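There are structures below to look over.
In the two complexes that follow, subunit A is the common piece, with subunit B as its partner first and subunit C second.
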Partner chain A sequence: MNNRVRELRGEREWSQADLAERLEVSRQTVNAIETGKYDPSLPLAFKIAKLFGLAIESIFEPGE
Partner chain B sequence: MWNKPVRRYMRDALPPAVLALVAVPLAMHFEKSLGPLGKSVCLALVMLCYGWCGWVEFRHLRQCDELRRRLALEAMMLAFISAAGIILTLFFANAMKLLDVPFSAALLVMLGCYVVCEIWARLRYRYWALL
Partner chain C sequence: MARMTQKHYEKRLILAMLVYMAVLVADGPLLHATANLPLKALLAVAPVLPMLYVIALMWWRIRDSDELEQRTQLVALGVATALVSAISMVGGFLVTGGVLHLGGSVLIWVFPVMMAGYGIAYRQVARHYGMGALCTGEGSSWVPWYFALTGVLMAALGINAWRHRNLWDAWVFAATAAFFVILAIVSRVRLLRARRMAGKD
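This part shows the complex of A and B:
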């Protein structure tokens, strides 16, 4: 799955640690999501979408 | 230095860990001088420590973030598969008198498999936080 988390985080000038704190997950989790090593659960995806004020499908899209 | 969940984990893990550190050497030291009832009490105490530590670990994992839980799941599943395979192979090798492996080797195999699989899972997700 591809995502725009890194891009959206960059726009807000947040570090991975900042985003992790806002999402109540570890910094490693944010890093794994951004690098595509880990797809977040649905609750976490909703949390990310809510935090960035966007719809889930505009942040995450199915990859190959 | 530590965040709240880790502090809680340390606080919860300390009593059973200390009890285990006291109970195991004591049980081993007095093992020869104890009767069956004393030995049973020692065994029950050691098992209590084990169960208590296990419960603390389980509770901590349930409060960890989802990547940490995924990592633990993958590491434990792989460790179980590999350890069961190796132990089964050793069991059959023993039964066929190809090898003479002591029963205690099973524990080392399990621990070794778990450590290797945990490292593998951490490398996979680049997750280096200790707790």
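This part shows the complex of A and C:
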């Protein structure tokens, strides 16, 4: 699955640690999501979408 | 609920392991000096207490983890459980077949082997997800010192066994001491390297 988490975080000038704190997850988890090594659960994806004020499908899209 | 950081977890784990080693060292002479059976039984199981704390610590750590950490830890525990089960079964069949002659005391090794398997599996699974405390410099600086101290203790036990002409035990302790000293050096180098890289970011 591809995602725009790194891009959206960059736009807000947040570090991975800042985003991790807001999402109540570890910095490693944020890194794993951004690099596409881990696809978040639906509740966490909703949390990410809510934090960025966007719909889930505009952040996450199925990979090829 | 406040998350337990890797550093706090490792510090508590190291303290528990130091208590475990202290109890283990003190327990032998006390057991030999005691004739009272209930007291002997209590002394015999005394090292289990710090191990129960370690199990509780692991439980708290997993409970307070996020979803990816939980997945990583549970996969690692699954791998470790499968590893120990397989080794136990192979050992059991070898003893039944008369190939190996092992006493009941070999069961003491079940928990340490499981923890070692868990540690190795955790590193592998964490690496798969691009995580891992030692790779981020977030681990405790106590870890290399703990490994070094354990190595020194194992070496001392090995010398003691050698003095009592118990060559098999001396060999096992010497190999364990060498293993822990190498582990101390490797973990110290990795920690310094990770911190240097974190400083560059």
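Structural remarks
As a working rule, the second predicted complex is superposed on the first by the 64 of 64 C-alpha atoms of A that agree within 3 Å, B and C clash if a C-alpha of one lies under 4 Å from a C-alpha of the other, contacts with A are read in each partner's own complex, and residues count from 1 in each chain.
To be clear about the criterion, a contact is a pair of C-beta atoms (placed from the backbone, for glycine too) under 8 Å apart; a residue touches a chain by one contact, two chains touch by 3 or more.
These numbers come from a predicted model, not from an experiment.
On the superposed subunit A, the positions of subunit B and subunit C overlap enough to count as a clash.
Contacts of A:A49 after superposition on the shared chain: neither subunit B nor subunit C is touched. In the superposed pair of complexes, A:K37 makes contact with subunit B and with subunit C alike. The contact surfaces that subunit B and subunit C form on subunit A in the two complexes overlap at residues 24-26, 28-29, 31-32, 37-38, 40-41, 44.
Note for the complex: subunit A touches subunit B at residues 24-26, 28-29, 31-32, 37-38, 40-41, 44.
Of all the residues in subunit B, the ones that touch subunit A in their complex are 65-68, 70, 124-129.
Residues 24-29, 31-32, 35, 37-38, 40-41, 44 of subunit A touch subunit C in their complex.
Interface residues of subunit C, counted against subunit A in their complex, comprise 3, 65-69, 126, 128-132, 136.
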